[in-house]
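Read from first to last, the chains carry the letters A, B, C and D; within each, the first residue is number 1.
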């Protein structure tokens, strides 16, 4: 399939409840922010993930990896650059770069793979118009 | 209805991810621990909340309050005393005392009210055998 | 002390990770959103909570209560109205109303009391200029 | 350095607040459970992570990856097998297998790399006795 090169940027501020006693964004919360970034990217494409689920298409995470480079602290605004790196019949792969806005320092680099499943959790083909939408940029 | 006086005690250790940068259990996480305590209490009664949901009975929170007295820190074992203070046809009220195990200091006192609803979110009568079970002690 | 009547409104979208298997915002997460609302209110006053902590003033929660009226779902935008209802030498009280933006339905009403403490957790007087700032509107 | 082959097993029950509206453990929460598993492993070695932090040694995550194989649901007991796969002067690598207890199905496989830093966040050598402790099995 044609592979996309589109890049989407979103910003999110680190919440107090997302820090831990080391004074930084707890690493598990990074995956919440990445999810936020890719669903906002979808919204920009004119589709919400909520509509997808209502239509019977669910995206479940099958793989995720992240490398941390620098800490993100409370109240830091993070800039998350998201790219779709690969779309297959049943999977969507994203790559992310997370930067601190105030100094541009790279906080993390990450990748995720989503699988498209139905209500029962069985893998299903990504709807053609979504695949097209995601691949065409 | 007859009102119960039963008391149930459970212990839970504060996780690293539950702390915030002040070095204490983030207050929002206390409500997660209270939920844990009351579902463990239910399990002791021979019923799991999972079974309740599978049977079509959902307990949703309609009211919660908490007063904090002392901080709970990472790795502290908390002792949560839970009592059912009132059972009506559609509601269950719990009261909680949370103590630090190592020194017995009172960390928090809390109360919650749960409403019984169906899959559609409409209030429904608590099943008789559950009401009896909860009220009889 | 003079009591404030100021009202601040902020909006926040419910994240996927904030829902639970009942398909609604988990009740514990409401307290994270209230914290967000009151710190954004502070920012509007020209002060960030981050600066307060850096200056040695910490606001810890001493009391919180919430009544839920209607569910908030994934991707719902919530409108949080925040008022400071009382400022004493060591405490700040807030009241909140949380509404669903798309239909204006009241989701929850809540109140919190914060205590001002120092790095060691000892109650300390709220700095005069902050108290003035908070009380003068 | 000598490389360890030790395996540690711990069990943890999925909390309601850890599910999302798909009815499964939200993927971000898996990393919280892995952290739990490795700190419990440390405790078994006679050391707590709390003591480490008090002594000035902090372990920060520098890399994490996870592959999900099957969903974990509310109230499922998960069996987490943890192995230390590599210890260098400044890093500790763990590998994990997460299984559902009731049917033995593999839920996820994961790997993490921790870096040892001081209070200021600067990489520091892992204390010799800890390195020895971790490597000797």
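The rule is simple: a contact is a pair of C-beta atoms (placed from the backbone, for glycine too) under 8 Å apart; a residue touches a chain by one contact, two chains touch by 3 or more.
The model shown is predicted, which means the values in this text are computed figures rather than measured ones.
Visitor: So which has more C-beta pairs touching, A-D or A-B?
Guide: If we tally the contacting C-beta pairs, A-D comes out ahead.
Visitor: Suppose chain centres are the mean of their C-alpha atoms. Which chain sits farthest from subunit A?
Guide: Greatest centre separation from subunit A goes to chain B.
Visitor: As a quick test, compute the distance in whole Å between the mean CA positions of subunit A and subunit C.
Guide: 28
Visitor: On a C-alpha centroid basis, what's the spacing between subunit A and subunit D, in Å?
Guide: Computed value for the inter-centroid distance: 24 Å.
Visitor: I'd like the Å distance between the centres of subunit A and subunit B, where a centre is the mean of that chain's Cα atoms.
Guide: 34
Visitor: On subunit A, where are the residues touching two or more other chains?
Guide: 16-17, 21-22, 24, 28, 32, 35, 74
Visitor: Going by the contact rule set out above, which residues of subunit B touch subunit A in the complex?
Guide: Counting only subunit B, the residues touching subunit A are 16-17, 19-24, 26, 28, 74.
Visitor: Which bits of subunit A are touching subunit D when the two form their complex?
Guide: Listed in rising order, the residues of subunit A that touch subunit D are 21-22, 24, 27-29, 31-32, 35, 53, 58, 60-68, 71, 121.
Visitor: Provide the residue numbers of subunit B that touch subunit D in the complex, in ascending order.
Guide: Against subunit D, subunit B makes touches at 15-17, 32, 35-36, 39, 48-50, 74-75.
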